[in-house]
Structure formats: C-alpha cells, structure tokens
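By letter and in written order, the chains are A, B, C, D and E; residue numbering begins at 1 in each of them.
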Amino acid sequence: MILVLMIGILLLGGIACWLVAQRSAMAARYVALIAVIMAFVIPLGWFIQNKPAITGANKWLVQYQANWIPAFGISFHLAMDGLSFLLIQLTFLLGVLAVLCSWNEIRERSGFYFFNLLWTLAGIAGVFVAMDLFLFYFFWEVMLVPMYFLIAIWGDFNRRYAAYKFFIFTQTGGLLMLLAILALYFIHGQQTGNYTFDYFALLNTTLGGATGRWIMLGFLIAFVIKLPMVPLHNWLPDAHSEAPTAGSLILAGLLLKTGAYGILRFVLPLFPQASAAIAWWAMLLGVVGIVYGALLAFAQTDLKRLIAYTSVSHMGFVLLGAFAFNEIALQGVVMQLLTHGVSTGALFVMAGMLKERLHTRDINQMGGLWTAMPQMGGLALVFVMASLGLPLLGNFIAEFLILMGSFPVNPVLTVIASVGLVLAALYSLRIAQKVFMGQLQVVSERPADLSAREWIIMACLTAAIICLGLYPQPVFDLVKGAFFVTGYQLPVAGVSN
Amino acid sequence: MNQLLAYIPAFPLIGFLILSLFGRKLPKPVIATIGAGTVCIAAIITIVLGVSFLQTPPAGGAFHQLLWSWFKVGKLSIDISLQVDALTLVFIFIITFVGALIHIYSTFFMWHDGDYARFFASMNLFVCAMLLLVMADNLVLLYLGWEGVGLCSYLLIGFWYEVPSNCRAANKAFLITRIGDTALLIGLFLLFRELGTLNIQGILQQAPAHFTTGSANIVLITILLMIGGMGKSAQMPLQTWLPDAMAGPSPVSALIHAATMVTAGVYLIARMHGLFQLSPVTMTIVAIIGACTLLVAGCSALAQTDIKRILAYSTISQIGYMFLALGVGAWSAAIFHFFTHAFFKALLFLAAGVVIEALHHEHNIFMMGGLRKRMPIVFVTFLAGAAALSALPLVSAGFFSKDAILWYSWSAANGNVFLWLMALAGAFITALYSTRLMLVVFWGEPKTPVHEAPAQGMIIPLIVLAFFSVTAGFIEWPHNMMHLTLFSDHVQKVLPETIMKAYLPSEWFFQAIAALVTGAGIYLGYTMYYGKAGVRWQQSPGLASTREFLFSGWKFDQLYNFIFVKPFLFLTRINKSDVIDRMYNGIAQGSLRLSNWFSVSQNGSLRLYIVGVLAGILFIITLQLLL
Amino acid sequence: MSTLFYISSIVAVASTVMVITRYHPVHALLYLAVSFLSVGMIFLSLGAPFVAALEIIVYAGAIIVLFIFVVMMLNLGRETAQQEKEWLQPKVWVVPSILVLILLVEMIILLFSDNKDIMRISVVDPRKVALSLYGEYIIAVELTGFLLMAGIVGAAHIGKHKRSSLHRFLQNGENGNGKAHTGVPPEQVSNEQTVLHD
Amino acid sequence: MTDSAHMVLMVATVLFGLGLIGVLTRKNVVFMLISVEIMLNAAGLAFVAAGSKWQQPDGQVMFLFILAMAAAEVSVGLALVLQIYHQHKTMDVEDLKELRD
Amino acid sequence: MVLAMAAVVVILLIAFRASHTVIQVTGFVMMCGVVLAMWFVRDTLPREIPPLLVVDGMAALFTGLIIFSVLVVGLLSYIYFEEREENPKEYYILLFLATLGSAILTISRHFVSFFIGLELLSVSLYALIAYLRNRNNAVEAGVKYLVLAALSSAFLLFGMALIYMETGSMEFTAIAKALDAGGASVLFIMGLGLIVVAIGFKLALVPFHLWAADVYQGAPAPVTAFIATVSKIGVFAVLVRFALAIHLQQNTLAVTIFTVIAIACMIVGNVLALMQQNVKRLLAYSSIAHFGYLLVAFLSGNAGVGAGVFYLLAYSITLLAAFGIITLLSTRRRDADELSGYRGLFWRSPLMAAIFTVALFSLAGIPLTAGFPAKFFILTAGVQQHMWLLAVVLVLTSVMGLFYYLRIISTLFAAPPITPLKERTLHPFFYFATTASLVVLMVLLGYLGVYPSFIVENVREFLLIH
C-alpha cells in the first residue's frame, strides 16, 4: 500500500502544483518540495521500521496487487525488493534536489513545470516497482511524456529538436518492447493456459531458441536505448544538453537507470538462455560504449554535452557488468546505477549553476572560475574525480566491481574497458582544467559562489557519493538479500575461457 | 599499539577536513598550526609506534588494525584495515618525519600565498593518502591510497592554476600515472581471478603454492604491477611527467616528487616481492628498466638549466637505481636507498626553493651564481645534499646506499656486468651534474640580486635534513667495512635476503672503482664548469644538437605527442559531432524526402485521384490474375 | 432473342464509345440516350420488360433531360465543344485509356477463365418484381425515399443561388420536401421524384 | 453460340470500362458525371442479367434502387456543377486545385 | 428497433421549421432516446429483420458509437453554424440522414441494405461537404468527393452484381453458404475486389485515399469530424460483418490484398503527414494511417473485432475532441487549420491546448490516454494471429507518427505570438457547453486510458450476442 501511496502523492502533488501556481508560484514550489519529501520519507520510514525483517532472506519487501483489466490478465501489481528500494530512494533523493535546483531557474509557468517534474518522478518510481509487464510498460511511457514537456518547454535553444529525438528514440524501443511483451504473454498463455502479464508468472515461461532470442531482443532494445548503448545513444547528448537543469539531473540520474533496471529485472531472469547467447555481443557493445563515449566526451566544448557523453561511457560499464552474469559484476552494476546517478547528476547541477551565472555552456568561454567560486570549484573537483573513478568515491567501487566481475568472463574486453578509465581521466580533467583552472576570464561581473540552497544540494550529493565510496556494504546487503538469494537464476555465462 | 595505527593517517585527514571546509575563514597562523601540527602529531605517533615495534616486535611481525569492512561481495571481501610491518615502518617514518619537516618549512614558504589553506589541505590529504598506501593490508586499499596520492599530486602541481602550463603539467602527471594505475588495476583483477583474494598477506602466502615459477600468469601479473609502479615512479617509458611536475611549489616537489610518492612504485614491488621472485623475467625487466632510466635521466639532467628540473631528472635517475636494486633482488638495498634519498633529495628541493624564492622566482641556474657567500647556510646544506647525491664516499648517506646497489648489481644472482656498468656510468653522470649544479649556482659571479634572507623556520628543516643526509647512511655499513646491518636486519623481517652469486671478487675492488668514478665525475665537472668555463660549454655550437636532445628529455615528449596525442586529438576532432548521428539524421532526411515525394500525389487533381483508384483496382485484379 | 441481344449490345457499345468521344455536350447526351435505349433493349431480351421501361423512362428520360437542362442553363455550346477539343489531346487520354484497357482485358480474361453456363431465359414479370419490392424489400424502399430526400435537400441547398432559373427547380424540390413530412409514405415520395424528373 | 450470362456480363464490363475511360479522359465535370452514369447503368445491366440467371426479381429490384440512387446523385452533382460554374466560370476539373499539399 | 431509429429521424424532420436551438435540443433528446432504447432492448437482441437487417450485439455497439459521435458532431455544429449565420436547417436533415445511412450499414446483412445505407450516407455527405457553398473550397471538395464516390459506387455495384451472379443471393449468410458449396470462384473474387475498391474509398485506404486530405480540408470542421468518425465506423462495421460472414480472413488472396493495403496505409499515411502544415489535412493523413492499424485488427478475424471496436471508440473520441478544438478555434472566415495558428495555444488558452494535446497523445498511442489500450489491443490481436510483419510495420510507423503529433504539440507549447483572441459572438453558455463536452471527452480519453476494463468487458459481452 505504501507504494500506491508513494506514487499517488506524487501524482496528486503534481496536480496540486498546477492548481496552486495559478495563485502563487512560490506555493507551487513548496507543494512540490513537500510532496517529494513525503514520497521520500514514506518508504524510508517503512524501511527503518521493518529493517530486521528485510535483512533476512525475505525477497519481496512489500507487495500490492489489484485487478486492472482482468480480461487480459492485467493487474495493478506493485512490489518492491532491495533493488527497487534503492533505486526508489535514489529517485526521490534526486527528486528533492531537482525541485530545489529548479527553485529559481524556472520563472515562468512553474506550476506546470512542477506538475511535469512530479509526474516524471512518479513514472520512474512506478517503473521501479511495477511487477506486471503491462503496468511496467505503462509507467515506462508515463515517465516519458512529462519529460518531453520538460525538455520541449523549458529547455534551451535547440529544445524542440532534442525533445523530438528523445521521445522518438525511446518510443521506438518502447513499442518494440510492447511487441515483445505481447509475444511473451501469448507464449506463456499457450504453455500454461493462464493468460497473464504478471512478472512472477511469466518467470516460469520456457522459451525456445529463436523465439526467445527475438523476444529478448525486443526487451533489450528498449532498455539499451534508454541506457543508452552505442550506437543507439544519439538522443542522449541532445536531450541532456538542452533540458533544464532539473531535467538533466533526472535524465542522467534516473531515466538512464530505468534501462539498466529493466535489464536486471527482466532481460536476465526472463531469458537466461537468450541472454547468455548474446552476452558476448552485449559486452562488446558495452565496451564500445565506454570507449566511444569517452572519445566523444573529450571532443565536446559544450559542458552539458560533454557530461552527457560521459554518461554514455559510464553506462557502457553497466552493460558490460550486466552481461557478465556473476554476482560481483551485478552488484557493481547496481552500485554504478546509484553512483552514476549521484555523480553525473551533480555535474549537471553544476553545469546548470554555471549556466545561470555565465549564460553559456561553452567551456571555451569559461576558465579560472576557481578563483571566483572556490567552494564550487572544490565540490566540482570531487565529482570530476568521481567521474574518473577515484577510489574513496562511490564510482570507483562500482567500476571496480564491474571490471573485477567481468574480468574472468572476458579478459580482453575488460582490459579494453579498463582503458576507458584512462580516457575517463582525460575528459574529466578537461572539465576541471577548462572550467575552473586557468586565468579568470574577463566577464562583466564576478560570478557569485554557491548560495545556501545550492550548498544544500551539493552537500547532499557529496555526502552521498562519499558514503557510497567508503561504506557501500549496506547497499550490497540489500541487493543481495533481495536479488541473488532466491528465485533469481543467473544465466550461465556463455563466454568463458 | 594496534589501536594507534589509525591515528597516524587520521590526524592529517582531520587536518584536511578542517582546512578544506573552514580553511577560508581561518587566520593564517591557525591554518599553519593545523596543517603542520597534524603531520607532526602523526610523526610523533609514528616514532612512538616505531620504538615500540623495535623494542617488542609484535606477533607475526606486524601491527594490525581492522577499521571496518569496506565491501564484501561474493568471494571478494575487502576491509579497510591497516597493517604496519618493518617495511611499512620505514615508509611511514619517512612520510611523517620528512613530511613534518616539509610542512614546517612550508608554513613559511607559502606565507604570502593567497590560497594558504588550500595548500595545507592538499598536503595533509596527501600525507594521509600516502600513509594509507603504505599501511594498507590489501591491494584495493593500497589502490585507494595510490590514486589518492595521484590526486594530491595533481592538485599540488596545478596549485597555481592560473598559469595554463601548470594545469597542463598537472594533467600530464595525472594521466601518465593513470596509465600505470590502470595496468595495476588489471593486475589486481588477474590476481583475484587466480588467487581469490586481494589481501597482501594472503597473496604472498598463497602465491608460491599456486603459481609455478615463470608461468605466464605470474609473469603477466608482475609485469602489470611493474607498469603500475613505473607510472608512479616515473620510470621509462612513463617518466615524462615528473620534470613537468616541477610546476608545483618547491615543498611539493620535495615531499611528493622526491621523497615519498614517486617511490610508491618501489614500495609496491618490494611489497609484492613474493610474486616478483616467482617471475625472474620480470625481475630482469625491472632491473633493465631501472638501469636504462638512470642513464637516460642522468644524461638529461646534464643539459637542464632549470634548477628544479635538474633535481627532477636526478630523482628519476635515483629511482632508477632503486628499480635496478629491486630487479637484481637487492630488496633491502633498494629500500635503503629510498631511505637516504628521501632525506637528501628533500633537502635539495627545499634548499632550491629557498634559492628560487630569494632570487625572485628565478629558476635558471645560469642566472644564479655566487650564492656561496650570500647564503652560507643554504650553501652548506645544499652541499651536504649534493654530496649525498653524488655519493661522496664515507661522508654522505648516499654513498652507503648507492654503493650497496652498485655492488649488488654485479654480485646478486640476477645481476650482471652490464647492469653494473650502466649503474657505474650513472654514478659518474650523477657526480658530474651535481658538481655542475653546485658550481654554477654557488660559485662564479652573482647575476641576480638576492631579495631577502630566508626565514628561520625554513632554515631549520634544511639543517635537520642536511644532518640526516650525512648521517643516515651510518646505520648500514658495507660488509667489508664495519658490517653494521641495522637497517637491513630490520627490513629483512619482511623482505628476503639477497641471493648472491658464488665466487665473487672482493667487494673492496668495486667500492674503489665506484669512488674513483665519482671522483672522476666531480673532477670533470670542476674542469668544465668552474669559473667562466660553464658558460662556454653551455654555448658551444658543436654540442648544440646533443644538448637540445638531452634538454628535451630524449625527445620522449615529442615522440608521445606524435604517436598518441596527435592521433587522439585528430580522432576526437573529426568525430566531434558523432558520426552515428549522421545515420539517424539520414533516416530522418529520408523520411522527409519520401514525404515530399508522396505529397506530389496530393496535387489536388481529381483526375489523378481517379487514376489512383484505377491503380488500386488494377493491382487487385492483377494480383488475382497472377495468383 | 439472341439476335436482339447482339444487335442491341453492339449498338450500346458503339453509342457509348461515341458518348465518351464527343466534344459537344448535347451530341454526347444524345448518344447517351441511344445507349440507354439499347440497354433497355438488352433488358427486354433478358426478359425484364419492367426495368426496360424504367430504363427508358427514367434514364433516357429524366436523367438525360436533367443533364440537358443544365447544359442549356449554363449555355454550354460551341465554345465548350471547342474547349473540349483542346482538352482532349492524345497525351491526356492515351495513358488512362491504356490503363483501363488493360483492366478491361484482365477482367475479361478472368470472366472467361470461369466455366460458362447456359443461361435460361425466363421472364420475370413486373408482378413478381412488385411483390418482392413491396414485400421483403419494403424497408429498402422506404430508405430509398430517404435517399432521394437527401439528394433533393442537398441539391436544393447547394444550388440555392441568385439565379432565377435555378430557383424554380429548387422550388420544386422543396415542395416535394414539404410533402414528405406531411405524412406521405416514403415510397410515394420516391415516385413523386421520378415524376418530377419526367 | 448461346446467350450466356457471361455474354451479358461481358457487355456490361465493356460498358463499364468505357464509362471508366470517360471519367478518366474528360476534364469537363459534366462529361465525368455522364460517364459515371454509364458505369452505373452497366452495373444495373449486370444485376438484371444476374437476376435473369437465377430467375429472381432481386436483380431488377436492385436496378430500381440503382436508378433512384443515380437520380439523387445526379441532382446533387448537377447542383454542384452549377455552383462551380458560377464561382469558377469553368468546368475544368483541373482548375479545381486549390486544395492540395 | 430500426423502425424506432427511422421514426426518430422522421420526427426530427418535423422540427425543421423550428429554430436552430430547438433542433439541437430535439436531436439530442432523440439520440439519447435511441441509446436508451438500445440499452433496454439489449436483452432481446439479436433481432433479425429478414432479409435486409440484423440487429445484434455488434450492430448495437457500432450504432451506439455512431450515435455518440453524431451527438458530439451536432453539438459542435451548433456553434460553428451559428457563428457563420448559415441556415442550418438542411444541415441537420442531411446530418441525420447520413447518420441513418451509417446506422443502416452497421445493421445490414444484405447487399441491398448495404448499398442503400452507403448511398444514403454518401449522398448526404456530398451536400454536407459542400454545405458552405460560398467557400470555393467547399464546392471543390464536394465535387471531388462526389465524382469519386459515384465512381466507387459504380465499382461497388458491379462487384455486387458479379457476386450475385455467382452465388445467386445477396444476403451475406446465403452467399457464405453458396461459397461453402462451390468454393470461391474467380468471379466472386473479382467482385470482392471491386467491393474492396468502394470500401477502400470510403475508409480512405491506400491507394483510394487521395481524396481524403482535400475533402477534410475543404469541408466544414464538424462535417470533417463526421466523415472521419461516423461514416467510417459504418463502413467498417459492414466490412466486418461481411468479412465474418464469408470468412474472408481465410482467403489467402483477400488476406494478401488487405495486408498490402494495410501496410501501404500505415506507411503512406504517416509519411504524408510528416511535413504537413495544415492540421485538417494532417488529421486526414493520420486517419489513413489509423485505418491501416485498424485493418490489422480486422485481419485477425473474430479475435480482432473487440479490439477494432475499442479502437474505433478511442479513435472517435479522440478525433471528436480534436475537431472540437478546431471548431472552437475556427473563425468566421476560415477554419482553424493552419498549424501556425496554434502557436503558443497553451499559454493563451490552456484548457483547449490540454484537450488537444491529450487527443494527439491518444492518436499517438501514449499511455494514460485511450489511444494506448486501443493500440495495445490491436497489437495483441495481431500478435495473437502471428502477423509479425504487420505488427512490426505498425510499431515502426507509429514511431514515425509520433514525429508529427509531437510537432503539433510542441507548436502548442511554443512561445506564443501576440494575437488577439477570437471574438465570441454567441452567448457564452454555448461556448461553455461545448467546451464542457470536450472536457468530458478528454476525461473519457483519460478514463479509457487508465481503466479500459469496463468498456472491454462490455464490448465482449455485446459481441457475444449474435
């Protein structure tokens, strides 16, 4: 029930924002903030109360099921396990920050803005807890539309193009997934006579060679577009760089995670054989993504675009790890989801702050900002280092585990992926160098350092990334208890030597 | 005693946190107190710990402290836990003790700098990271420290970030070491795959049983670890970053790029000696790399004009000696050289810092001169350092350590005559450039006015270090002289003893040759650079190209530029707007074109529409006819 | 019978060809009348005298008259014929004609690929037709009334204009309309309309 | 040679085709309507033939309905023709091209 | 039942002399009466009126759909014609006659009623399209529609004649019986082909679609809405009934033809719409594509009927909402069909933009709107019958479709130009009522999008009545 409550609060909060904003924009901001904080606190509070029960091998923390379209075996089935819980917490944490960083940035039509923001969050949260494939697809699309508006209305100069591209890419994948879901539904129905979209029932479907592979590809394409995987990544740089700050934060921090979540939750358990069959290719594409994203990131002069390409690179690790099929790599993948959300999100927030002050995203027009903004410079450095995978920060743990886990499976690709770490250093340092180092450019006014609100945002993110770096064990425990103990059959690695 | 371990890195860490969070609001004296004080406390704790270690050696030869379990996934279980054994003790002593001196020096040296707090924050963080590196009981924690020192090195090289070239130097340092780090990381993966653990003790215990000597895996692992070490320790071919790293403030060069961080590679190889012993091939490679590096860097040092760059090349060269020693299996000699080198090289850098400060940031040695009279204390301490560097027999610490290496490069089981000759040539060159440096800077005509006398606080560390530069060698005497082996006894609690060749000639003979070569080097330097001669050499046209070649560090930078940097930049430049995007744009364009074609059919002509209907029925009927 | 059928068929086809090739609208309409008449003959030969009569009355009578009415009203005469001549360049008609001929050939091939059965000629007398019409198809007849009403109302509305001549025509239409709701059964409406066109 | 339904059908088809040619080749709206009438007539012929074949009145009934429909259609069509002529002063369908992409 | 329908229309005619408002209200009440009647006689279904008509569950569904659509169209027409000060009396007669035609199509099971229904519909439509005869475009659209419709009627009749000649019957089930006895002969298939031409024309399937854009653009907005919904529903209903009767989906040739047509519809419709700047034309193209999707359901035979009905329902509501907006925004002089006129609508009148946006999302098949379950059910039907080619084409062309829907939406949300609001000449109540009804449509779209279960169950229940 708390899950319904959680999503419901966001949906209602969104509508409330819209209505309230007719009178006062400030009120809309507070409503949005309160709604997200409530959504954040509800599962957290529940978790703290029930902690002992969870750390056991109890797989599903909470379930809720209601009939929806019984004629097609569709039900409104929500459930949460450790993985979902973590991602939901990430969602709402970043959600709170997204509201905060839109505080002053969005001056017009803020009611509608927060409506979209909250609905996107609701959609994302829904994706993480939906246990009915139809419902999953439903939420998958729900998060898309408000996001489209966020980009198309409050975006930058080239926003319409970016919004189209974003929408069309993801929708293509989504529809293919829909086809695959249907195929799965019918195959399962024919096998068992029970036509249902329920995840747990579908887990028992046995799928033969070619059919299974096609259906799996349907799912996989949707997820890797979202992830994104090279060469299906082209929506990402445009969408990320044109979106407003909060939009970029949510895109990078959360939307990409839904793709990875999909792979972990659906592709691997539903299609173990088919996944094993294409594992090598998936890993290869992951590695290509790591290297290619890094190369492109290095070439960019637009700060947000640069960061966007780093996401491509980082998400390559996810693909690599997910298809290594062992616990170390998969735990690394989960970790990567969290840390990438935090670190890249922080970089986008930073880019947004810079844009607010300098009115440009071109790093050639920046430089020497450390002098003017020592606090931001220091914090920026933390996240630059996070993005290049410095130990002590969460990203290192994630990438280390992914590489560690995939090394025995495929040493060559892992070694190439490790080269990505050098490239990561290249582009990350380039950010630091171009933006914060060098001579302070002559600008009309000296940009101000962080305000208190911005401090809160950055402090939260910094604390999160350091905590994840130094004491990640709770995350692993949660995921392990929920994910690897029961019922999760890992595909047998197809490639090993 | 175990409980004390955590405090050693903790104090610098606390210093870092305070300074980085509140540093901007604190007055300078407070900053100085915190910055230097925390390191001093760490040094005191270290000494207490060291005394206790020597008096009552702990069970198992090491102190242990488990702080918390870092992460535990599947078979992989990594703790944050510290360990101090004899080898580590040497390192933490140097780190905290020399570190503390340099911090004290810095409080005065950096007094006029605007970013006082940032400097000390970074330095404290560095000390903390370096301590973690050497105290880590597993390789992942070691890697954390390893990267941490890289970060601090980056921050401190680019400390004066307004100057673009400094930033470039910082980037270069970070990137090149990063290459090594990545190799190290891959090595860790391989190790874990083979042994299922990353705990150092565990690895060293399991390795002999698991690997057969010289098998492919072990060779690969050790080579990867070695590359990691090469990156950090600026060995060929990854040495090019260190000279540029001199862009940082002098105390940084002293602490990071001379005394401590650059020897991390040495530490790593020494720490993992159990693996290296299983792979003779790698040992040989290490030795050869060390030998080559010491020659190449030494030659480069001959041609430099920037005082700090000379010292930087000499650092590379000296670490080359350490690698050589490691390669031939002279473990304790390598560590001993590290020990003495830390003192005298730190001293040289600090003294150079004083000189540079006094001469309005003048780096060129040919613009100096005649400082002997005007800065006598600096001169004396510098002399002590230079003597140690050129290994002046018996009166310098450098002699004892370097002599041991020269001896082992021949006499150890892995050693041979070529290595020995190269090391000998290196000794000659070292003496030569040391002399050159001394003569050009301290003798001759004054060329730049001295701006002010150095503060007392800067002089004291110089004196302390000079004292150690002279005396640190006395704890370990060659076998044939006094056979005092305090140091190697200590270190050999961890490291194996050097395996010697059978039927060796007398050690005296070698010592004599070494001393002779050093003398020759000094003499040659004297003839070349005393008085006006130096300028003549510096300007002689016949040697211009050679000098150019050496000056640029054997053109390694240009080579890398050509092989890696330019293609990379080219690649990124041409693909800035992502070729794959073209594909999708093409699809979009295609659809639009199709749309235009189709819309021709919507030309409003009723007759065309009728033709459309006709076409439809024709299609249907024809289909029927065909089927 | 058979002879009648063939002769009238040939006449029908020939006159139809003339219809579609004439330039002058009145000529074309006259040929159209011939064509309809000969189709009426074919109906007779098929044993359907009732529809033969209707064909002549309604088609050849009413509808063609309606056309001529419009032609006259719009004063389409010689200029129109001239215009038609200009419009009907070979390049205008060759391609569509070829296409249609292809279609025709295909259809005929298909028709003859089927087995041919002998057709017995049997007279279906008007009585039978009437019984059927007002028996099982009564609803359809009513609906046809609606159909005609739709036609009239539509024509009335669209044609409504300042032209006086048009007005008269439409006046009629509206009258018929008016009667329709005063309770006249729909089938009568349809009859009335036919009469109207007469 | 006997009268077969196919023979009648063939005549109907030919007439139908001729009507189609007429619709396609003429640019004058009036001629187009005339041609459509020919086609409808051909369809009626086919119905009557079919009715004769099965000895049912249905074919003829259908012809009646076609007749009614043709009348309705022609009346609306001609009204439109008038309107066009009034507005465009032409009968050429090719001049009616305001609605297009 | 049918007589009731006819009576309703006849009674309506009495109201001719009454004022516009009265007609409106009467019409509304009558239609509601029909719906209620249908609801009450539900239990007595199916009812046959031999030989022409049959009223079964499916017919009831389609008729309900038609009446619902007409109600909305009538509502829209009120404002539209009042503002233009046209005499709307004939308009309503024609509108209801056309509705009658369409309704007859849904219940016909005989060629005669099929034909007469179709003609009733078309003849009324000729006049309706050209109703605003002073606008050149209207007459042009009318002529184009007329000539093509007459042509297609000729094809239809000829096709029917061929089938009749072959089977000796014009009643669907009897035809099926004759077929079962003798198999599908060449003549029959040819007749079928000719009938397909006529149906294809009415449904604007490729390649008989060329008229659609012109007519949509030229006709008055409510009439366009009528063409897009009511007329197509009726024709689709009769197509389904005919196809089910003769088991069309088991005939390879017919399936091939329809598959090709469906694919062509999806591609051509969507491609044509890509760059279109005129909203009405764009909706025409999109409706071509949508009927391509619908053919997928049609091709999957019995299983697809439910999906088809649901799809048509969602589609009708959506289109009516969209055309409602167009109607409301149209000025006296011309219809609001230029896309540029919609720039920044959201900031000028958020409610209308919201309705329009929801409608467009529904057309694009985005969740939370009715279009999503509709498309989902169609895909379900397609996948169930293993029509992978069609399913994949459907998916890919939907993506293409997204582009132009998004194009409109982003126009709606773009920065607004400074334009005065349209002056409103009528009493505000009418605008309020119309807007309110559009809001109801939007809510319906949302409701169906989120909870289609109720409708799905009812549709199933109805379809079980044969």
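One rule holds for everything that comes next: a contact is a pair of C-beta atoms (placed from the backbone, for glycine too) under 8 Å apart; a residue touches a chain by one contact, two chains touch by 3 or more.
Predicted model only: the values in this text are computed from it and were never measured.
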Assembly fragments, subunit D aside and the remaining chains unmoved: one piece
Furthest chain, CA centroid comparison against subunit B: C
Comparison of C-E and C-D by number of C-beta pairs in contact, larger one: C-D
Inter-chain centre distance, subunit A versus subunit C - centres from mean C-alpha coordinates, in Å: 70
Length of the line joining the C-alpha centres of subunit A and subunit E, rounded to whole Å: 42
For subunit B paired with subunit C, centre-to-centre distance based on mean C-alpha positions, whole Å: 102
Distance from subunit E to subunit B - Cα centre to Cα centre, in angstrom: 78
Subunit B, residues touching no fewer than two other chains: 599, 602, 604, 606-607, 610-611, 614-615, 617, 621, 624
Where subunit A touches two or more other chains at once, by residue number: none
Contacts with 2+ other chains: residues of subunit E: 112, 116, 119, 123, 126-127, 130, 133, 139, 142-144, 147, 151, 186, 190, 213-214, 272, 276, 403
Pairs of chains found to touch, sorted by chain label: A-B, A-E, B-C, B-D, B-E, C-D, C-E, D-E
For the subunit D and subunit C complex, residues of the former touching the latter: 1-11, 13-15, 17-22, 24-28, 30-31, 33-35, 37-38, 41, 44-45, 48-49, 51-53, 55-61, 63-65, 67-76, 78-83, 85-86, 91-92
Subunit C residues within the subunit D interface of the complex: 1-2, 5, 9, 12-13, 16-17, 19-20, 25, 28-29, 32, 35-36, 39, 42-43, 45-48, 50-51, 54-55, 58-59, 62-63, 66-67, 69-71, 73-74, 76, 80, 83-84, 87-88, 92-93, 96-97, 99-101, 103-104, 107-108, 111-112, 114, 116-122, 124, 128-129, 131-133, 137, 140, 144, 147-148, 150-152, 154-156, 158-159, 161, 163, 166, 173, 190, 193-194, 197
Subunit A partner contacts - residues on subunit B that touch it in the complex: 20, 24, 68-76, 80, 118, 140, 143-144, 146-148, 151, 154-155, 158, 161-162, 164, 167-168, 170-171, 174-175, 178-179, 181-182, 185-186, 188-190, 192-193, 571-573, 575-576, 578, 580-581, 583-584
Complex contact set, residues of subunit B against subunit C: 607, 611, 614-615, 617-618, 621-622, 624-625
In the complex with subunit E, residue positions of subunit A that touch it: 67-72, 109, 134, 137-138, 141-142, 144-145, 148-149, 152-153, 160, 163-164, 167-168, 171-172, 175-176, 178-179, 182-183, 185-186
